[in-house]
Amino acid sequence: MRRFLPHPLLTVSLAILWLLLANQLSAGHVVLGALLGWLIPFATSSFWPERIRIRHPLTLLRFLLVFVIDIVRGSFLVAWLILKGPARLRPVFVEVPLALETDLAIGLLANTISLTPGTVSARLSADKRTLIVHTIDTGDAAALVAEIKQRYETPLKKVFEQENA
Amino acid sequence: MEALIALVIGVLTAGGVFLALRGQTFPVVLGLTLMSYAVNLFLFVMGRLAIGLPPVISDAAAGYTDPLPQALVLTAIVISFGMTAFVIVLALKARAELGNDHVDGRHHDEERHA
Amino acid sequence: MNWLDHLPILPVVLPLLAGVALLVLRNRSLAVQRGVSLVAALALIPLAIALVQTAAEGTQLVYALGNWVAPYGIVLVVDRLAAWMLLTTSLLAVFALLYAIRGSDTQGRHFHVLFQLQLFGLNGAFLTGDLFNLFVFFEILLLASYGLLLHGGGRLRVKAGLHFVVINLVGSTLFLFAVGTLYGVAGTLNMADLAVKLAATPPDNLALVQSAGLLLFAVFALKAALLPLYLWLPAAYAHTSAPVAALFAIMTKVGAYSILRVYSLMFGDAAGPVANLLDPWLAPLALATLTLGMLGAVASTTLRQQAAYLVVASIGSLLLAFGLGSRDAIAAGLYYLPHSVFAAAALFLLADSIGRARGDFADRFESGPAMPGARVLGGLFFVVAVAIAGLPPLSGFLGKFMLLKAALDSPLLPWVWSIVLVTGLLSMIALARSGSLLFYRTHSPHDAASLTPPTTAALAPVGGLLLLVAGLVIWAGPLSDYAHATATQLLQPQQYIEAVLGTAPRPPEGRAPARGTPVGSPLLGSDPSAASGGMPLLAGTVP
Amino acid sequence: MIDILLSLLIITGALFTFIGSLGLARLRDFYTRLHGPTKATTLGVGCLLIASAVYFSVRDEGVSLHEVLVTLFLFITAPVSAHLLAKAALHLKVRSLASTPAPDATTNPAVQRNPAD
Amino acid sequence: MTLFFAVLTPFIGAALVALASRLGRSHSAWAAGAVTLAAIAWLVPSLHLPFEGTTLIQQHDWMPALGLNLAFRLDGLALLFAALILGIGLLIVLYARYYLSERDSMGRFYSYLMLFMGSMLGIVLSENLIQLLIFWELTSLSSFLLISYWQHREEGRQGARMALAVTGAGGFALLGGFLLLGHIVGSYELSVVLASGDLIREHPLYVPTLTLILLGVFTKSAQFPFHFWLPHAMAAPTPVSAYLHSATMVKAGVFLLARLFPALSGTPEWFWLVSGAGLATLLLGAYVALFKHDLKGLLAYSTISHLGLITLLFGLSTPLAAVAGVFHIINHATFKASLFMAAGIIDHEAGTRDMRRLNGLWRFMPYTATLAMVAAAAMAGVPLLNGFLSKEMFFAETMEISAGHAGGWLLPALVTLAGALGVAYSLRFIHDVFFNGRPVDLPRTPHEPPRWMKVPVEILVVLCLVVGIAPTLTVAPLLAVAAADTLQAPLPDYHLALWHGVNPALVMSLIALGGGALIYLMRRPLFAWHERSLGRLDARVVFNALQNGLFALARSITRLIDTGSLQRQVFFLLAAALVLGVAPWLAGGTPLAGNREGLPLDAVSLIAASALIIATLATVWLHRQRFVALVTIGVVGLVVSLAFVKFSAPDLALTQLSVEIVTIVLLLLALYFLPQHAAPEHEPARLWRDGMIALLAGGGTAALAWAVLTRPYDTIAGYFLANSVPGGGGSNVVNVILVDFRGYDTLGEITVLALAGLGIVAMLQGLQLAAPSRDDAGRSWDADAYPAIMATLTRILLPLALLVAVFILLRGHNQPGGGFIAGLITSVALIVQYLANGAVWTHQRMASDSHPLVAWGLAIAAFTGLASWLFGYPFLTSTFSHLNWPVVGEFELASAMAFDLGVFLVVVGATLMILVNLGGLHRAPPKKGSVH
Amino acid sequence: MMLETVIPIAFTLVSLAFLLSFWRLLKGPDAPDRILALDTLYVNTIALLVLLGIHLGSAIYFEAALLIAMMGFVGTVALCKYLLRGDIIE
């Protein structure tokens, strides 16, 4: 199975993406999409050797929901701060100690932080244990760190790194 | 609109020419790039300006713009990309061989006396 | 389609395939690569001869690429002029290559690929009947020439290469401005079709078309190294490797060819309001080029530099002939063209051998050690100098004779004669001095071992090129007749136009490719309103 | 009804796009400026893309969802860009309203150099 | 063909002689003699013809359309000259065998000599003027080789170059003259030209024609003021001098005077130009000859003087003068050749030619002295010798011409003076060398030369004597036919006799003899006066100064123009384009704007255009802050793509966007190795100049665009729109044009791209650049080479990007997209892997050599084109069909898509080749001195 | 139709956004500011294209938007990498 279908998740994703690209749902495109979804992972498998496994699909879904809501929230918040005026901002760099260990999970966390309310992940320490996050306006840095860990890191850890946890 | 496009082409050409006349390789490359933008735009608008009439045959289309200049510009873009790449690497080669980045291999201070 | 019907495309396809094959074989032994390269170059000669024979009958072979007829598709046109250029190129290429495979082809990577693609570009430029396609093939031959020019590297070579590349990039930009304007006015790219359209230029568009025509001239003048646009040449030719410099002898001729082609076809006598566009420009500039080129040759401090300036001067002579514009003058130029190519190539190759034989003194004009093999080198130098200075009895003299004779009818007669004759004298003086310094004013070498005696393999290409020059003398009659017939053909562009625009596509036969029937009869193609068919073309037809 | 939805999406999208750039122009240091485009603009363009998807799905028969692809792409790339920009700014010691963190102590330049060396 | 072969023989012989020298020293001499005899043998069957009044003409087509044929002519004049050339040539061959030393290369000498002999023979036997000129120039070239034979000697090299420059210049003038002559007459055939004298003389171009031809004649025959090269040619070995300055080279000029006498003579212009130059030369040569201490110098100036005499005779234009001229040609050849040979013997035996040291040689070599004295007497015009006869005729003619003119005494007086000077220098030759005390400090003791070295001198001296004593029995028939064919008319009445009674000519001869003796006796004060005045003039100094001036002038002009500056070249090109582009508008009559209705302006376009303009200006303004300029030029590219979108060119927009990014990556790669900032320029004048040029160029292109955009046009584009679907099988017309209608352009375009890649690979080979360890602000680089977040997430993007690339590639034929854009997307996706993960990491996962991609891409494109041959269609003819498969449904397959695949592969291959190789630059260890 | 009034407003807002981003690009002051501004300009351009597509009722500009998204990202990555490391392909 693994030899013939190295990345089933990727295959499915690519087939769906192909249909999105083609912007039509015809039999021909389904076949073509499936074909490409099957072939491209072979071509790129050396770049992407580890197999992504999702342990808790429900947790992931819930995380995604929170994520989307937070993006909208974050955007409104930033928009409001911008309109309110630059003078009242309280920007701070905070350090988020990481429990995550895999690159993929850390990357997803960093991206999530960047897209969600008022924060941008600015630097990952060389030992990958700490993420430095810039926040545009906060009064309580510790609360922010805690929120990040609880709201994003925990589900990510559960979905991608459960065996290691 | 035509006047605006003509103006844009003129400014791009002027900028390109001015930079192409500089003494160091890097601005010359920038100048050549600007000139290629100018000429690509020029060649493109030789098919006249048309909005919303892409040359893709379909039943719904209200009409088509002249496709030929577009094909020519595509060829020209590719060629100028190859040329630009070559000249950029040549600039590095010249930097290594001549010891500086002057197009004539002179040092900047020499330029004043030349 | 008969196999022979594909003859016009073979001189283009062959070097392309050879280039690709060499790219595939890039890791194979040097002998294999050289063999493939040489065989491909040699094969061009019979092809070119076959095309010359066909063209000599006075017909223009028209090859519609993709079976799309002119003016819509790109066509190749083999007329006398094109065949003449192909033959000159193929002969030159073989000798340049023979010299290169002695060892300079290993100084850098991809020499043979670049060489073959250079031939691809050259032959394509000579054959195309489409103005934009001419641009494309200009770029191919230029980029190949950049690679070849820089082959081996070195300070002066890189500097010269940088100048060559940058100035040509500006030139290419100008080319596109000119072609674009012509398309914007005439709505077509095929040269024959352009000739028809431009001849009907209304007064309101006159200056616009002339402006584009003259911008195009600036581009061709740059490639041809016409004053004041020749400054790139001396350094580029003097500092590149010998076989490349020899091959480059044809490069300037591409510019000259383009001038002849475009301005006889599109802006010639029959071009109505835009007729004889170059008349006020070409001949005077050519005279000035001849003068300054020759002064440069006099002033040169190395043999290769001198050879390069002599190329500039030869371009002056050549374009002077084309600029005078009469049948006899053009014929003189056409006869002179292969001569100047072969002679210049021979000089570049010989200069390399001389430089090697002089050790550290190279080809500098200063008293140096007596060369090993001085007798042979000196003898060859003497003959090459006679050829390139246009002295009797070699073909340079015959070309000059034809040119001077043709100038008898020109209002520029006093200028042409005095400048051509005086520069002839200057070249003789300059070359006599060079030869005297290099071969006569010698001392016995301190370290004879550092001097490389010329090998037969190095001298044979020089000898071969000189045999070509001799051939130009021995068969001067038929060759000059061919040149005259070519000039006649060029001065009657109507024939060319009819041949190009009158060609029908190949009809479907057997498993036919689907091919849209051209709208109307092929000749109607020159009538755009008929060609536009029923499709709404908004931008194009807004009056 | 669709018209209202479309108009709402378009206006929201345009507004967020504008506010994002406004932040970029108005805010006082690089790090705060970084937030505008990263969030507001991304969401703005997202809204516009959804509007487009709705528009073409309604106009032509058959759903038009390929705009989702662009949206997806933007949402993957925007945070990476922002992260790299912030990292670059920290490296260049760009002026900051917040006190910048100390250079990464655990980083050993000798170790982290290109493995090819 | 006999005449042709006679001329050809020495040329072929030249090679044989050179080869023969490998067998031994004497062999080449024997071979040279045999060649000369062979040339004679070709002529023998025809020799009788001139004496029968027949002119033999042999013609072979060469360039008949141009009037240039191989045409040979044997008449009396040609016969005479051929006899001199071959006869004296044979003697020279013999003489040189003994003259040349062990160190001299025999083969080279005789080879050159044969070349020269053939050229000379060609001149005199030519029927076609252009052909004559060819041989004329060949004498210049071969004499260059002969004069510089002793190449290690400075005088030899200089003398040869001077001779070549002067006679070569004359040759070019002669070419002009002949062309005019041919133009007037309508033919280059001598027969026609000689029969058209009146036509020529009455033609408006007569004077220029005559002037140009005389320039050729005078330079060749060393006539004043072009005489100065001849004495310097004496640096040649004496056999060469004996040959060139008696019978051949210099005689070519007077030959031409004789040859064209019927066509050109008889006008005042001819009279004044020719006789004027002749008289001046006669006097000057005779005068200078007297003061030369060098034996050969004396003979050289004497030669100049005698050539002046002959020229003067032809200038007088009367038939009798012409006869005398021809006669003196013969006589001068014989006595001068023998004198040179005698001088050579003396030089050979005594080791010097300085007459101040050579004294009293009579005692050492009485036999040679006798020969020399007889020859010198002939030169002086002593009775019983041939020189006397022709000089007598000369004096008589000058009297005849001058009779009845006011001031008519002047000419006879002057020629008598010249005669006296001639006697004086002849006396000096005899007395100074053979008598006059004892030799001074000679390198060796002289004695008689080898037997065979004297034979040529003996033969010539005997000829002087027999002709002088019995002219009618010897030279008369030859002179008659030569003179008759010179005149191309019946001969005038003349008598060759020793005694004509006491007449003015005899008196003049006697005065000359006596005066000459007197001058010689008074030589000491004369010498002293001469040394103080004219003796200081040295033609060589003047010539060298002129030549150096020429070289200096050439150098300064060349340096003025060609400064090796690229900026200047670009400036010239732009200026040329501006001048050429603007010139047609100056005539007026063409309005700049047409009457086509344009599109309305909208706010978005205005904003975008403003951004583009400002970004362009910012790029120019900030170009010294290179990184910033890079960002601003990125904006320019973005807005240009936006313009493509706006004006209905989606394919262009896609291409521009992709190219833009790859270009920026390239520029960043380059910027790493280049200075980040550039110093400001210090030349406000240059900035203003460049600014002006830039404004003009910008204005020009804007005007051009405006002019076109406001005009309507008809285009062939309708055909593409109509045929794209039915003929090309694709609805994206731009793509169908690219891969089908104009697929040939695209084939060229991908070749350019491949060439760029290959050229860059070739250029980068061995190139090493030191990587800067700090940025321009002095900061060391960030330690984190591959930020983890970037690395992780860009990997996700690779399959996605590839999917998009496939999509773009497949749909290109019908919708915006195609091989090029797909190729760039793929390349960019791969480049990002390099950016994020490094070259080593990436190369572990994919092939690092992209040559195969380029090769196979090109091959696929080319073979797609070739495949159409199999179906009997031209190169690149496309085909397509619609297939209907179960489940999948209907889809299209087009050969053009295979072509597009080729494009795709080339683009990926070339782009990777460029970027990856460039990216690997720094990894080579920095070379010492490669970068400051 | 409502869209006819909304779209010009949207065009105006996005154009203003474009100008503001461009202003930041010119102003800087630091290199990251300019890169950020360029990145934002790319996104603004996507917005313009989407609006244009709706305005003209043509889906043909979609690929351009997709490509801008991809290329804008690559450009930003390359420019940032340059600031961080100098050598972008190492």
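Couple of notes before you dig in:
In order of appearance the chains are A, B, C, D, E and F, and numbering begins at 1 in each one.
We take it that a contact is a pair of C-beta atoms (placed from the backbone, for glycine too) under 8 Å apart; a residue touches a chain by one contact, two chains touch by 3 or more.
A quick map from chain label to UniProt name: A, D = Cation:proton antiporter; B = NADH-ubiquinone oxidoreductase subunit 4L; E = Monovalent cation/H+ antiporter subunit A.
Quantities reported herein were computed from a predicted structural model and do not represent experimental measurements.
Shared contact partners of subunit D and subunit E comprise A, F. At the far end from subunit D, in terms of centres built from Cα atoms, lies E. When chain centres are defined as mean Cα coordinates, E lies farthest from subunit A.
Centre-to-centre spacing of subunit E and subunit F amounts to 61 Å, using the average Cα coordinate of each chain. Spacing of subunit C relative to subunit E, judged by their CA centroids, is 19 angstrom.
Subunit C and subunit D have Cα centroids lying 55 Å from one another. Annotation for subunit A: residues touching 2 or more other chains are 17, 21-23, 110-111, 121, 126. Residue positions 20, 25, 28, 38, 40, 42, 46-54, 56, 64-66, 68, 72, 75, 79, 82-83, 86, 90-91, 93, 103-104 of subunit B each touch two or more of the other chains.
Contacts with at least two other chains are made by residues 564, 566, 570, 574, 596, 630, 646, 650, 669, 671, 701, 704, 708-709, 713, 715-717, 720-721, 741-742, 745, 748-749, 752, 755-756, 759, 763, 767, 782-785, 787, 789-790, 793-794, 796-797, 800, 804, 815-816, 838-839, 918, 923 of subunit E.
By the touch rule above, subunit A contacts subunit D in their complex via residues 17, 20-25, 71-72, 74-75, 78-79, 81-83, 85-86, 89, 91-93, 95, 110-115, 118, 120-123, 125-127, 132, 134, 136. For subunit E in complex with subunit D, the touching residues are 777, 779-780, 782-785, 787, 789-790, 793-794, 796-797, 800, 838-841, 923. The touching residues of subunit B, when paired with subunit E in their complex, are 1-15, 17-30, 33-34, 37-38, 40-42, 44-58, 64-68, 70-75, 77-79, 81-86, 88-93, 95-96, 99-101, 103-104, 108, 111-112, 114. The part of subunit F that touches subunit B in the complex is made up of residues 56, 58, 60. The touching residues of subunit E, when paired with subunit F in their complex, are 603-604, 607-608, 611, 614-615, 618, 627-628, 630-632, 634-635, 638, 641-642, 645-646, 650, 653-654, 657-658, 660-661, 664-665, 668-669, 671-672, 771-772, 775, 781-782, 784-785, 787, 790, 794, 797, 801, 804, 808, 815-817, 821, 825, 828, 831-832, 834-836, 838-839, 915-916, 918-920, 922-923.
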